[in-house]
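Letters A, B, C and D mark the chains as written, and numbering starts fresh at 1 in each.
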Amino acid sequence: MSLQQAKPPLPSNDKRWKLVNATMRRNGYAGHALIETLHSVQDAFGFLDEGSLRFVATSLDLPLSKVFGVATFYHLFMLKPRGRHACVVCTGTACYIKGAGALVERLQERYDIDPGDTTEDDRLSLLTARCVGACGLAPAVVVDGDVLGKLDSETLIAELEELA
Amino acid sequence: MNLDDLAELAEQFRAADPVVEREVRVCVAASCQSSGASPVFDALVASLGDGKPACKVKGVGCMGLCSAGPLVSVADKDGDLEGSVLYRDVAPEDAEDIVASLDGPPLERLRCATDHPFFARQQKIVLEHAGIIDPNSFKGYVAVGGYAALIQALSEMTPTDVLREVTASGLRGRGGGGYPTGLKWSTVAKMPGAQKYVICNADEGDPGAFMDRAILESDPHRVLEGMAIAAYAIGASKAYVYIRAEYPLAVERLQTAIRKAKRAGFLGNKIGDTQFSLEVEIRLGAGAFVCGEETALMASIEGLRGQPRPRPPYPAESGLWGHPTLINNVETFANIAPIIREGGEWFASIGTENSKGTKVFALAGTIANTGLIEVPMGTSLRDIIESIGGGIPGGKSFKAVQTGGPSGGCIPEQHLDIAVDYDSLKTLGTMMGSGGMIVMDESSCMVDVARYFMEFCMTESCGKCIPCRTGTQQMHAILDKLAKAQATSADLALLEELCEVVQSTSLCGLGQTAPNPVLSTLRYFRDEYEMKLGGG
Amino acid sequence: MPPPANQPNIRVVTLNIDGQDLSAREDETIIEVCRENQIPIPSLCYLEGLSVWGACRLCLVELAGQNRLLAACSTRVAEGMRIQTNTERLQRYRRTIVELLFAERNHVCSVCVSNGHCELQWLAQRCGVDHVRVPYRQASYQVDSSHEMFRLDHDRCVLCTRCVRVCDEIEGAHTWDVMGRGSDCRVITDMAQPWGDSETCTSCGKCVQVCPTGALVKQGTSVGEMVKDQHFLPILARRRHTI
Amino acid sequence: MSASPKIRVATTWLDGCSGCHMSFLDMDERLIELIQQVDIVYSPLVDAKTLPDHLDVGILEGSISSEEDLEKALEFRRHCRILVSLGDCAVNGNVPAMRNHFKLADVINRAYRDNVTLQPQIPSRGVPALLSVVKPVHGVVGVDVFVPGCPPSADAIWYVLSELIAGRRPDPSSVTRFGA
């Protein structure tokens, strides 16, 4: 007797679900494709909400708690949407030696948020990274994907203020 | 396919562009990209136009001196970096001048001397093509002799021959532990079972280390070639590259390389018309340092929480999905092709008694020349820091160099003359690690450095075993008290005791080595700790 | 996936534990041999009938000729092993590990429903933990009383994952898992929603019975009233594996 | 009967319920035997108002929750050769330390305002100021003997005192434990 679970319908007509589904199909809906699939959900939607986690769990036939456990283990996965802009301060050793700690502190103070949080107006998320690998540019900050190097906090804040 | 066929193919690729005599090479690895290499590349292409058909702008991998990026070198078609004219801190506005100088003397205002010790003292094996070939070009790799080692292995050597060469080379794992590579390969090869796996560990997580990223961004095919040779030697038909998602450029280049190698028949089914097949798949990490530990890495490939499990059984016996698995790091695989090409004995002639070959280091921190270097094992720390690295800038004095990342330690001035290899670093209470070297000047507080690394281990602890999960937290709390001059001598004694317990009882390497930065700074800079004692 | 392993011929080995010469099947672990021979080894995550987790590090033992300590639960015996289970060094480490556990969450034995029937409490006494040298973390945790029969108190949880394993391996529901990382780890049901809202929990109560502390308990119990019964586990585990 | 001079003992309670002292009294007829060998020179159970100098054994019940607790603990440490933490509150904070999860201001408001209907006010005179974090005794002074239990049984206390009288260092984990 086959107890195979039927694949669930896509959660909505949003085309992005097809991308997610394609990742799972490419991996034969195997349970070990969970992390790959979560990456594709986050690439498509920017974060992982409960609905998408449930969809992935049912599609890959994995327990809900296991999926949630994996999603919360890896720090790259976000369970909340990010702000319109993201400022990632590298806290690798080279950047730390060159003052990344002070950068983070100054940003916390200026925007009243902790690393990992987003300002109330959803404008800016402050994040930290374990070495973005731009040690030659220490201290390095990634603002919306662009690496800014050898920064002091006032220049950085001026850059951030310019963002819409 | 045999070596002659491949040589013919390489000749074809070299001859494909007969008019080109000189190349304007722009570093397009991540660090130079961060300093604006892409606009420089575009400006050079635009400036060159169709005016000089004998010259060509080419994107290449890392040239090493990252702090001076964007780097551009002008070289003869088959020329190396040392023989080239190197320009530093190039801006798009400089493109016109560089192009204009192609017919005349070099542009002195941007020139960066290549006879400087930074370049002259290096010996490149792993990075032999970095900064010379286009990492996105399969043909470019074959043209410089790429995949010859694989074809040689497949057409002229038995798996046992390959194992013999790798063993003879004395190569040790470049990921940190320094386990003999030949022994590891032979163990997996001897394991019974039809299904075996090769895994390339590209989860370079040590803060301040970017060797593997640079290798993958500069010369991805070389890593694939090493993996394919390993798979042939141990009898695997499936391989994974586990790579950090934080390295999008490296991921992209690796994907391109896999696709092109497969299309050309150097990966996939029946490689080089032999019975040997290998599928290579990329698996992305998701921000967990602990996944650099091999059992955690395998859990992550299996789609699980990246938590280590007790060893034994080792991956060689029971790895991915319970099958024998070979895990090596990027740099280890990058050493394989030259070992097959030149022979294990040749490789063993480089380096020290127990550490053979070269090692790639990422130099960072308060040092004049920040970047990527490759030196023979046994080069002294003083050479690396003062000569190659150019010493401490700003008239400050050297205090310590940190090696081995969060698992390593700090080496003070009095030990700078030590010859760097796996064993010498261990005697100093630190380790080779993956090759990050962070230089600190007199303004760095060593208690603060220890606290920084403990904070790292605390947040990166997977939470599975008690000593690491809660011990790192308690040690961090004491270090924090110390840094704030609120700790007592009883706190310091407790810190040392916790170091011992966490080191001896933690489940995996992360916890077992988490106390190292504390222990090593206590060993060499105890006075700084004692000066911080307060709190009555 | 791996093909089923051939059952090799199991040999019998002899080894020495704490000065006693013993024989054992070579597929046994050190802890199994110790339990058979009434050699006490403290443990928390290990439970006969569940898969080995290897996380509590309390069952570490010393093996002659090797500096690295071995977890008795995850190490198979081998011919000629000479093992020490209770050296001064091991006692010191165990003591510290138990202290670290007490300091991590909020174990207030005097008001705990498992008082007097708690494995952590016994361990503290056996390991000579009469006080905790490290400061308590004082992190706040919620109590989940949403399930009609059971209650979850994170304050008492030691993250041994016995609940996760029994639910997955014996009951087959996999309602429990662990979320987060490091000291933020927490046991959860389904998507970390209240236990009472779980869609997958069968209310079988096995998790409650295997929980070593007062983290998972029956509703309606008062201080010291929660007595656990784990006799079902080896029986069910055996039957599961012989099917 | 011992001919040697009696051992001078002081006890007091800090932030606790006094249950450990009640358990002490539960030694019943053994108290008579005890009194042959020890002098209880200062205790809630006797009349002395000030803590004498040069004591052999000091026994503290309760945790360090207020400035007065802190002062008493420091004074005991100064005056006593051997300091004993008696009971879970003294040993690990126990119930009093459960307030550590809340801000002190919230705790005080809860006690003196939120749940009070008649003239709610926060007392400022006659009661010692609370510390922001409740600590076990060894969190502020060195402690020599730890006797966990809530309360430790009379037997456990008897064992500990007998050992101390005999000049030995007791191992209370053989007779009591957290929450016992």
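Simple rule for what comes next: contacts are C-beta pairs under 8 Å (C-beta built on N, C-alpha and C of every residue); 3 or more make two chains touch, one makes a residue touch a chain.
Every value quoted in this text rests on a predicted model; they were computed, and no experiment measured them.
Chains that touch both chain A and chain D: C. When the C-beta contacts at A-B and at A-C are tallied, the pair with the greater total is A-B. Chain centres here are Cα means. That of chain A falls 25 Å from that of chain B. Per-chain CA centroids place chain A at a distance of 34 Å from chain C.
Centre-to-centre spacing of chain C and chain D amounts to 34 Å, using the average Cα coordinate of each chain.
Chain B and chain D have centres, each the mean of its CA atoms, that are 59 Å apart. Listed for chain A are residues 66, 69, 73, 75, each touching two or more other chains. In chain D, no residue touches two or more other chains.
Counting only residues that touch two or more partner chains, chain C has 133, 135, 178, 180-181.
The full set of touching chain pairs reads A-B, A-C, B-C, C-D.
Of all residues in chain A, those touching chain C in their complex are 50, 53-54, 63-69, 72-73, 75.
Within the complex formed with chain A, the residues of chain B that make contact are 30-31, 33-35, 66-67, 69, 204-210, 213, 245-247, 283-289, 300-307, 362, 364-366, 370-371, 402, 405, 436, 438, 440, 444, 452-453, 456, 460, 462.
By the touch criterion given at the top, residues 85, 88, 91-95, 97-98, 100-101, 133, 136, 138-139, 143, 146-148, 150, 171-173, 177-180 of chain D touch chain C in their complex. Against chain A, the residues of chain C that register as touching in their complex are 168, 173-181, 188-192, 199-200.
Residue ranges on chain C touching chain D, taken from their complex, read 102, 106-112, 115-116, 121-122, 124-126, 128-133, 135-136, 138, 140.
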